[in-house]
Structure formats: C-alpha cells, structure tokens
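Each remark here refers to the structure printed beneath this line.
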Amino acid sequence: MTSRKKILLISTGGTFNKTYNPKNGELEIDKNSAALQTIASKWLCEFEILNIIGKDSLEITNHDRLELLSTIHQSSYQSIIIIHGTDTMDVTAEYLAEAELEKTIVITGAMVPYSLDATEATANLASAYGYIHTLEKNGVFIAMNGIMDNFEKVKKNRKEGKFTL
Amino acid sequence: MTSRKKILLISTGGTFNKTYNPKNGELEIDKNSAALQTIASKWLCEFEILNIIGKDSLEITNHDRLELLSTIHQSSYQSIIIIHGTDTMDVTAEYLAEAELEKTIVITGAMVPYSLDATEATANLASAYGYIHTLEKNGVFIAMNGIMDNFEKVKKNRKEGKFTL
Amino acid sequence: MTSRKKILLISTGGTFNKTYNPKNGELEIDKNSAALQTIASKWLCEFEILNIIGKDSLEITNHDRLELLSTIHQSSYQSIIIIHGTDTMDVTAEYLAEAELEKTIVITGAMVPYSLDATEATANLASAYGYIHTLEKNGVFIAMNGIMDNFEKVKKNRKEGKFTL
Amino acid sequence: MTSRKKILLISTGGTFNKTYNPKNGELEIDKNSAALQTIASKWLCEFEILNIIGKDSLEITNHDRLELLSTIHQSSYQSIIIIHGTDTMDVTAEYLAEAELEKTIVITGAMVPYSLDATEATANLASAYGYIHTLEKNGVFIAMNGIMDNFEKVKKNRKEGKFTL
C-alpha cells in the first residue's frame, strides 16, 4: 500500500504561468506551464501535468469551462488541482461545483507570476498539494494565500489584492 | 465559526534558514528565521512564529530536543509545524513521537536555503501548511519534497539528496 | 588626487525601472528608481541619482527631452549616465548630441526590468559605469548588451530584441 | 573597422563561480564557470571564456599563477579580464604586474556568488568589461564594487567586506 495520493495538476494559464517577453515588453501566458515543471524539478517531486485553455482568467469563457469540466470528468484521477487565473476563479469554481462530480478539486493560482517571484505561486501550489493530500470530501475548494476552504467561503479582495475568508 | 486552523511555526534553524555571509564566505543559520517572515509577507498570509535552538541539525542535542518538546507541550497550539535541518529530522521526530503528545506535529525543512533559491523551501513549508490544515490525527509527520506521511515512513535518501517513502 | 570619477546617474524611467503591480497585473515604471538603489547597495558602491520624467520611452516627448537637456546642462557633473527606455533611446541620444554639450553622456537601459531578472539591467548599467570611467571624449554614447560606442553606431534590432553595431 | 574590442575572459574560480551543492550543503567552485555563460546569455552578448585553475583564491599557489601568466602571455588577446577570488586578488595582480606584459589586464571577482545573488558579480564583471573597453594603458588593474584603478591603489577592506581606494 502506497500512502502517496495520486494528484493531477490541470493548468489553465493565469498569472501563475505568465512570463515576460522582452521583445514586446508584455507579460504573456506560457501555455506549456514551464513554471510547474520548474517547481517539480526544484522540489524534487514529480507532477502529473495537463495543460489546457492557456488563458488569462478574464478571457475564460463558459466554453472553456465546459472543456475543463469534461477533462476532469473523463480523467481517472480522483484528486485534481487546477491552476487558474484569480479574477474569475470563483466563477469557474461555481461552474464546476454545479456538476456535483464525485471528485476532490482544489483551485489555486497566483497574484504574482512564478517567473517574476517564486514564493507566492510556489506557496499557493504547494499548500493546495498538501491540503488535497488529506482532504477526504468531494467538492470544489480554493487554496490561496494560506486560506484553504470550500470555494463558497473564499473570496478575492480586489482592493487588498489577496484572498480572504 | 472560522474555518482557519491556528498553526504555530517553530523554527529550530536548519538549512532552510541559512544565509550567505559575504565577509567569511560561509552559510550561517539565521536564528531569527527572516526567511519565514519573507514567505509570510510574499504569500500575504500571517504566521505565528517561534524561534528556538537555531542550529544546523547535525549539532542538535537531546537537550535541544527536550527544549523543543517542552515548548510544544506548554504551547496552547494543537497544530504545530517544525522547521528543522534535514540530517537529524528523523531523530527529532522519533524523540517527539515517544512523548505521545495529543498534538498534530508536522516537521519540514529544506535541502536548499530559502535565501539561495526560494522554491524548494517554500514548497516544503506550504505543503506542510496545507497538509496540517486537514490532518485530524495526533502524531508526528514529515512533509518534504511532496512526500507527506507519518515520520516512520519518510526517510532521507542521502545519495539522491531527497526524502522518499 | 582621487582617481574615482564623479558620475551622475539620471533615471528617466524605462523598462529598467519597471516593477510588477499584483493588484492590476501591470508592469509599471517606478519613478523613484529603487532598482538603482538596490544595485548600489548590493554592489557596495555609492551612486548619485537624479530621477526625472519617469516614463516609458514610447511616451517621452520633446518637452521631456528639453527637461533632460536642461538638467544635464545645469549639472556640475561632467560625466553623466542616463537610464532610458530602449525604444526611443536613439531619438533622445540625437536630441542631446545636437546641443553639443561639453560633457560625456552614456545612455543605457534594459530589455528586461531589473526587478524581474537582475542580470541584464545590472550588466548594462555597470558596463556604462566602467566605460564612462575612462572615456575622455565629449559626446553621446550608448552602452547596451556589451556594445559601447558613439550613439550613431549603436542601433536597436527590434527583431532580435537587442542592440547591435 | 569594427569598434568592438576583442576581450578574453579567463576564469580562475573564486567566489564568483561558487554554487550550492544540496547533497553536502557546501558552496563549491564551478570549474566550468556556468555563471559567465549565463551572464553572456542574459546580457545578449558573446564572451570568449577560458577556464583554468578553478580554485578558491586562498588555495591559489604560485604554480597556478605561473599557469595564468603563461596563458596570458601565449594568448593572442591584448585585453584580458580575469575572474579571481577576492582574498588573494592583490597577490596575483602583483605577480602578473612584475612580468610587465604588453597587455591590458583587469582583475575582477565577487564577494557573493553569482548563483546566490546575481547583482554584485554581474556588476563587477560588466564594469570591468566597460572599463577595459576604453582603457589604453598596459598594466594590471582591479575592478571591484565600482572602484576601477591600477591594482596598487585598490585594496580589499576585510572588515567592511569590500574593495576601496
């Protein structure tokens, strides 16, 4: 018996995965989520990663959400972490929750791109990873800024630029 | 009712807290664990931090372990994360386990100092933070390199330089 | 007799001084050029810094250039390094050159903000600093990506995203 | 006529090139000076690099200095930057100066390894690079912490941990 839970990471883009393009001076989504691979490599830990959508969360449509839902539904994984932009994280959480899947889903992301400053993005991801490890309930949860709870209780405070209960 | 668990971080030193001293070219333990405060600040999350011992784990004695045990015993916190050097993390874990405290204790640390490269130390700490959040069992656990389990199952593989089950 | 040349750093903004604002997800010019102060502090070296204009170089007007020219003209410093955005660095260089000041002016900047990745910005600035140290000619020069020469010879190659001769 | 001076970088090891080995917790000299290649890559600038000796400067012997001298003597380059540990930088400088080569030699290094914090090492190297670009005199010079001058005038202040005139 292995005590290591099998976890799937679905990366949908978001600030977490932004990188700086020196040619145009813009921050762009890295659709290959190299950030997740770098974290896995430095953390000496293997991740199962699936990249879909690849968007800023302000541009995520319900069509994208349906793609995400189908992907989760068809996946053999029971525990799933979603990396998602922070602006519409709550909308996606509610969308997924309505499907009442028999899965444990933790959504996380970052206010600061991993490539700009590693700490916040790494901490959000790793806290989600630790949280889902012992979480036995089905449902949709959010892990941001040290807050981990059912998605309905965790809200982005745009003025303070962080998530609160 | 708040759903946020109260967690105490006890920092005992270790590689996690090492910083480079340019005057002598040595890596030295930061006994004030500024690394933890930086993580808290960047993660937009408040930590309750207690600094004791302040040693490389190869130098930790049973007298230090008694100090750690007393500190935990006297603390009002039920959930405690210990930041500890990796070389004798297992010895300290066993020492604490023998006391059979009615507490949940997760020990973590780092192979690379936070001040040198933020990712691994941050990931270890944040995974411990997420793990303890839902962990209901009393006992002593280790969270390192994405592994989180009872201390007896997690071992440092010195050749590979990481912890494994 | 001191052999240390007195050098004035005039910071006009530019990518060099951009920092990430997590609340709106934008890279913004830091008008106080904290990047220069951080470099001075880590390099164990004192800078004389003057902050004016504080703009992305695409937004710099001839009115701004006149302010820059006046500032240089009125300054008691003979050797001046200007931190400037890369997109119109050549326009400002030509504008200043036409005034035929009896000063040595080296313009530098960065393709990647110092706050995102320290190396390129630091190297451009420090090469300008070393270059001006022994440069005896009056005129306007550019120091970027290891190229240091009269401004007329140094051009931004937008396709490659670097400066070339 | 190209106005770009041809410069050879001879890397002898030193703190500049130290990297952290997580398996033993030690800072070790990287004899391949990957730091120089990283700087070249990020600075968008090509370096001609020669790796010899590969030691902490406290361990450099006169036999090593003879190897360095021969390498310089036999090189076709007229302008040479040496990356060297700071503790015996002055000894090596004097050794090379006594040979009265018809070359321009600038020695630099770092108090903090590039791999730990990029700014100081990058600034020292790039200032040496800019300095040698216009330096017309033969001789041995030191470029550290914004100080650039004949080696006899630049001294390491061990108490302050920096070089001064």
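Points worth noting:
Order as written gives the chain letters A, B, C and D; numbering starts at 1 within each chain.
Everything below uses one rule, namely that contacts are C-beta pairs under 8 Å (C-beta built on N, C-alpha and C of every residue); 3 or more make two chains touch, one makes a residue touch a chain.
Predicted, not measured: the structure shown is a model, and the values here were computed from it.
The chains touching chain A as well as chain C do not exist; no chain touches both. Both chain B and chain D derive from one sequence, and where they touch, over half of the residue numbers involved are common to the two copies. Seen from the C-alpha centroid of chain A, the farthest chain centroid is that of D. Note on chain placement: the centre of chain A and the centre of chain B lie 25 Å apart, centres being C-alpha means. Distance between chain B and chain D, defined via averaged C-alpha coordinates, is recorded as 39 Å. Remark: chain B and chain C have CA centroids separated by 45 Å (rounded to whole angstrom).
Touching two or more other chains at once are residues 111-112, 117, 161 of chain C.
Across the assembly, chains come into contact as A-B, A-C, B-D, C-D. Those residues of chain A lying in contact with chain B across their complex are 2-4, 38-39, 42-46, 111-112, 117-120, 122-136, 143, 145-150, 153, 160-162, 165. In the complex of the two chains, the chain C residues touching chain A come out as 15, 20, 22-23, 25, 27, 111-113, 115-117, 158, 161.
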